[in-house]
Every structure is written in structure tokens, then in C-alpha cells.
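Chain naming follows the written order as A, B and C, and within any one chain the residues start at number 1.
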Amino acid sequence: MVADNLSFTRALIATNVKATLALRGAFVIQVVFMVLNNLTFFVFWWALLQHVTTLRGWRLADIQMLFGIVAAAFGLAVTAAGGVRHVGRFIEDGDLDTLLTQPKSVLVHALGLRSQPSGVGDLISGLIFIAWSGQVTWRTTPIVAVVIVASAFILVACGVVFFSLAFWLGRIETVATQLWELLVTFSLYPEPLFGGALRLVLFTALPAGFVGYLPVRIVHEASFANVALLVVAATAYMALASLIFDRGLRRYASGSRFTTFG
Amino acid sequence: MTASHVGKYAAFSRIAATQARSERHELYGRMAFFAVILGVFSSLWRAVAEAGMPIATDPKSLVWYLAATEWILLSAPPIHIQIQEAVRRGDVVYRLGHPVSYVVAEFAGALGLLAVRAPFLGLTAFLCAFAFTRWTPPLAALLIVVPFGFAASALITALYLGIGLLAFWLQDVAPVYWVWQKLLFVLGGLMLPLECYPAFIQRAAAFTPFPSLLTAPASFVLGTHFMTPGALAGRLVIWSIAIALGVTWIFGRAVSTVTINGG
Amino acid sequence: MPPAPAVELNQLSKSFRVRRARGTGVGARVRDLFRPEQHTVSAVDKLSFSIARGERVAFIGPNGAGKSTTLKMLAGILQPDGGEVRVLNLVPSRQRRQLAFQIGTVFGQRSQLWYQLPPRDTFELLGRVYEIDPRTHRRRIETLSSVFGLGTLVTTPVRHLSLGERMRCEIVASLIHSPRMLFLDEPTIGLDVSAKAMIRELLWTESEREHVTLLLTSHDTGDMERVCTRAIVINHGRLLWDGSIAALRRSFLKTKRVTLWSEAERLELSLPGVRVLSSGTYRTELEIALEITPLGQVVDAALRQAAIRDMAIEDAPLEEVIRALYAAADDRGAPS
């Protein structure tokens, strides 16, 4: 059964990517411009760090690595599981109905229904930043790959949690999107900037610490404890997302919907 | 422009202002984002100060600087989206024969939105900056930012309009918008005053309206004037004319594309 | 022992709590969540019927009658509130995954084909969804493609297909895993006459060939008559009629439509139970309520006025029958 599920997931991602590539022109433009977008934005950090060589211990190379990992993880997330952004809309429009009549996980299927072409641009720019940081060797490449994947899983899991609120609250598209983008925003800033209480939030409710900071730490020094922590965190967030989505699905199946009359 | 012309466009402005009040969701989101970004940057500038400030000013001023640039940027309603939608749907074709010029009507509408967003976001900017720095710049400095900020925001709105019109040729203007916006951030000195950037970037920026839109008005808060008020006013006038001509030209080309290709 | 029925409903009920949203905005929504202003709407009310394997049943009712709700409960999309339901001897809400392997669905207004890709890609993905052995899968696609006359359609992106072509591919997609039962919700909606005819014929043939049970909802009586042999009519969530379509027409509405071409310019036929639908020169169209005035009596009355050159006798159209059925139910005071 696991083999069937893996085979399905692989086929789903392949179909998803194929669909995005179907409009070749638009795809290429989105990819190229997203790379330009990310590189241009980074000029701010580059310029700032020409003046201050370290920011509470973080050098330019560290920030490049941070950007690289988060951009690559985000790109991977919205390319392979781009449906995460649309979960709220799927719920409201009843698009989960067809998925419920099929014998595969509704969540996985829903995540694999959409792909954002610009995600590939994010992924490429992420790899550019990582290479540019000069902190990666052939030996550390597998570790970088692992942390990017773990980070992507956490991003998707949090997206699922935020957008699944639609099961209970109806059209909360804007709020959920903003929460999710907030997560990405926080992930892009070096963690030493943040004080005690906020740091707690960044490792729990809005796990930017697991998306950006911990992966960078691991690339610098791949201690078993840190890697284990990241893997456990990724698993925990995915389990939470799965649980919340399932609960929501049960509610969906009971027919409770938000109907506005007044 | 006769009084009736102005009246017509003013009516569009009023309608849009009502719409804006019902777009509260988006506005509240912007306000929340404002609070977050100012919080993050107040930490950032304090951290930078530990290592050595890049310009002769203190971290608190730089937080207020960011509050000013973000206020200007976020107040401009992102109308490129609705224009792209209208072009895609073909709605624009119907408006082309309308006596009220489509472009002017859209701009007037957007100004109505701006009139609602700017005070709210301005208040948010003030409160958040104060909360994070426990300090305010001299009142005169803040007051001079306001009119320039409104003007700059209006110009940014006009630029959004121009970008939206590109939808006549491009399937999707979003990629162009992304890169344009990041250039605005860098060349306009959104987060870091332009004078902190290397010389070649500053030279490149001089060819764009971006410095006049963000870094110049906001720098009054720093006490180090990027340009004198007079010079800035002059620049804004010149760029207004240039942008107005540019947008009109784009629209003209768009109309001829439609009439040649039949929409 | 006869095989278990394909579908078995017993006192199936479903009601919805409809919340009146007090306002927009997250705050209002959260308040509504904890203290909702609501009333209950009964969508399906103690519905009972059963469908044998291989039957083709039309599920009819006006908008809001509870058809979609019932269909969703059968497919495992919605949980019932009361009563029992078994599909292919499985309980949909508890054995959803197992049932999913054996049923197919076609929602007329929703597509399961990927829009940017040719149907073949969706078929491939479905092969993995339903865990079909690759060789069997390939053969199945070939068979269905030829039966449904898809030809080059399978390699054309769905966005380039006409609605009729798309619908054929949708149905193929729903049959790819050789389901025992197919649920169709408005499968011919929006199609032109020839496309409708083709779809109906294909459904009928396929159902016959593979002994697939069909449950079809539609507003188009043509769908019913061409594809199905049995009709289940519901309104306000309750059963109004369950029987063969022929019997529906026969026993419910005992009228005939008669067109007479006579040698008189006009015919005067004011008999009880006889309604003149239209009259032209030498031609009269009548609707006769057979219980009131037998057909022979009307013809005699006409012959007494002039010789009859030609005559056409038809059953009342099915729309009329159904409309009468709803009206009668409402008259009988079916509480809503």
C-alpha cells in the first residue's frame, strides 16, 4: 500500500509539473523574472553588508545561505504542492467532492492539483544564493538537499494548517495567505535579530526558525541533534497538518457550510 | 478641463472610495504587515548600530525612515491587478468608446482609494514607529513628508496603471510587476537610504523616478535631506509629466492594437 | 441467492444547519462559529429505494429537491444524519476508500480532467489513483477510446476540446477502473442535440456491455428516456414516484395528444376533458384527458363534423408528466 501511495504521489507531481510546462512561454517568463526578482531584492542585503561586515555574528555568506535555503524550500513547496495556496478555495467551491470519490488521500491529491511556475524560479534562485555563499562543498551538498526538503515540508504543513481554517471559518483566503507569507518573511531574517518571546513564537506557531534558521545552522555544523530536531519538527508539523485537515474534512462531509443570507 | 469634467472624475473618485472602505480586509492586512516589518527593522537597525551605522544617523531615525517609505508605497492601491483583469475580460473595449477617458477614470478611481488608505496607513506608521522606537522625529520633519508622500504615492499609482495596461500585450503582467517593484525597492531606497548603496547604483537610480518617490521624501525624517524640498518638488513635477505622457502613449498604442486586431 | 442490490437506501435523511452569517470579516465569522444564528433545512427526508445491479435509473426532481445531496451520500462525499445506505454492499461513509475503487462519478459541471493537458495524461494518473495494472490499464484505455470514438481527442489538450468532446472523455475517465456503478450528475448539461444523443447512446451501450449500474440525475427528460428504464422522482427530499418510465407516463398522466387533419376548416370540439392546444386551417391539436372522455368519443365527435384525412396520436411529453407529479404532490399538501 505504501508503494501504491508513493507511486501515486510521484505520478501526481509529474502530472502537475507537466501541466505547468504546457504553457511553455508563460512558464519561462515566470521562472526568469522570479530569479531576477529575488536577486534584485537581495541587493539590499548585499549593500547593507558592505557597510557592516557582521550582523550579530551573521556575515553576508550566512544571509545568502539563509535566503538560498528558504527560497529553494519555498520554490519546491509551491512547485510540487502548489495546491496548498488553493486549499481554502477548494473547500469553499466544493472541489474536494471529486477527490472524495477517489481512493487516495484527499490532502495529497489536493496539494498536487496546482503548481506555481514561479516556484521553479524561486528554486533556481535559491540554488544560486547557496552556491554564491561559498559555504557548500560536495560533501555538504546532501545535507543542504535534506534541509531544503525538510523546510519545504514545514512550509507546506503550515500552509495546510492556515488554509484549512476555511473548513470552519469560510472564506479566510486573505488572512491565511497573509499568515503564510508572514512565515516566509520571518524566515528570511537572521534569527539573532529576534528577542525571547518572539523567538518562542518563531519555533512554534510560526516556525520560521525551523524553516530558515535551523537549516542554516545544520549546514554550518551538521550535528546529529540538530538534524534530528529538524526531522522531528518536520514530521510533527506534517502530522498536525494532516490531523487538522482530516478533522476539517469530517466537518466538510457533514455538510456544514457557511451560507450568507443576511 | 471644465468644471463638469472635474465633477465626472470626482464622482469616480467617490465611488472608488466607497469600494475601498469595503476592501477593509486587504487594508487591515497591510496594517498588520506594517507593524511586523517595522518591528523586524527596529531590531535590524539596532543590530546594525552595534556593528557601525552605514550613515550618519541613529537606528531610531532609520525605523521612521522605513515607516515613511512603506507608508508611501503601501498607500498606493495596486490597481494593475484590476486593470489586467479588465483587459483580460475585454471590459476595456466597451469603455473605449465612453466619453470619459478610460485611463483618467481609472486613475481618478485609484486616487479615491488612495485617499482612504493613506490616512489609515499613515496613522499605523506613526503608531508602530513610535511603539518600536519610543521617540518621534521633530514635527516639522514629519509634516513635510506628508504632502510629498501623497504626491509620490499618486505617482506610484500612475505607474501601477501603466503596468496594468501592459496586459494588452502580455498574458500576465505579474512577472514584470515583481521585477519593477524590486527595482523600486533598491533604486528607491525603500529599506536602506539610497546614499548607502554603491555609487554605480546611485547613478543608475538617477535615471529613474524611484529616488524621488521614496528615498527623497522619507529622508526629511532623517534630517539628512536627500534633496531640498524645492528640488524634490521640481523633480516630482517633471516625473509627473513624463509618467502622464508615458501612460497616455501606452494607452494610445493599446487602443490602436485593439482597433487593429479587433480586441 | 440473488446478488445484493447495487444501491439500498432505507429511511435516509440529511438536514443542513444553515447559518446566517452576521457580517463579513474574520471577527464576525469567529463569532458565528461559536454562537451561530441558524435554522435547519431538511434536504433528504426518510428516503427509501433500492437499485438492482445493472439497472439504469433516472433520478429526477426540481432544483433543491435533494438529488445532489442524495447522490453525494451515495458516493461517500456527505455523511447522512439518519437511516441506512449501502452501495455495492458497502457503507459509503465508513468504507469510502473501498467503495471508491468500485464507483465512478461524472459531475456535469465539474471536470476531473486536467485542463492544460491532453486527456491521456489524466487517464495515466487515474491508473495510479486506482492502482490498475499497467498492461490492463493500457488495454482499457484503448478499448474505451475506440468505443467512445475518441481518436485524436486523447492527445489534444482539454482546453481545445468542445464541450461534447470533453464530456466523452470525462465519461471514459470515470470508467477507466471498470467500476460497477456510475453516478452521473447532469452529464448532458450544456450540450447540443447531437452531442447529447451521442452521450446517451454511449452510456446505454456501455452499461449494457459491462453491466454497469447507472444512476443519473438530469433535468433533461431525453436523458431519462433514452438511457434509463426506471425513474425515481423526488421533491422536498421525499420520494414521489419509483417505477418504470413507461409506467410513469401511463399511470400518472392519462392524457393523449391528438392532432386531427379534417376536411372541415374548423372543428368544434367542446367536450369535457378535451383541451384545444392549437388550431389552424384544417388542422386541430387536442389534449384529451382519457379518464374523462375516451379517445373514441372524441374521434366520433370529430367524424360527425367532417371526414378525417389524417390523425396523429402521441403520449403527453414526459415534462408534462413530471410537472403534474410535482403539482399533485404540492396540492396534496406535501409539507416543505
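Here is the rule we use: a contact is a pair of C-beta atoms (placed from the backbone, for glycine too) under 8 Å apart; a residue touches a chain by one contact, two chains touch by 3 or more.
If you're wondering where the values come from, they're calculated on a predicted model, not measured in any experiment.
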* To do: Find the chain most remote from chain B, comparing centres computed as mean CA coordinates.
  => C
* Asked: If you average the Cα atoms of each chain, whose average lands nearest the overall Cα average?
  -> A
* Structure fact -> chain A to chain C, mean C-alpha position gap in Å, rounds to 44
* Structure fact -> Here the gap between chain B and chain C, centre to centre from mean Cα coordinates and rounded to Å, is 56
* Geometric centre distance via CA averages, chain B-chain A, whole Å -> 29
* Asked: Do you know which chain A residues sit against two or more other chains?
  -> 175
* Asked: What are the residues of chain B that contact at least two other chains?
  -> 25
* Structure fact -> The answer for chain A against chain C in the complex is residues 4, 7-8, 11-12, 15, 18-20, 22-23, 94-95, 97-98, 100-104, 168-170, 172, 175, 250, 253-262
* Structure fact -> Per the touch rule above, chain A residues touching chain B in the complex are 25-26, 29-30, 32-34, 36-37, 40-41, 43-44, 47-48, 50-56, 118, 174-175, 178, 182, 185-186, 189, 192-195
* Structure fact -> The chain C residues in contact with chain A across the complex are 14, 16-22, 26, 29-30, 32-33, 69, 72, 75-79, 93, 96-98, 100-101, 103, 105, 107, 110, 112, 114-117, 121-122, 124-125, 127-131, 157
* Structure fact -> chain B contacts chain A in the complex at 25-26, 29, 32-33, 36-37, 40, 43-44, 47-48, 50-54, 171-172, 174-176, 178-179, 181-183, 185-186, 190-192, 196-198, 201
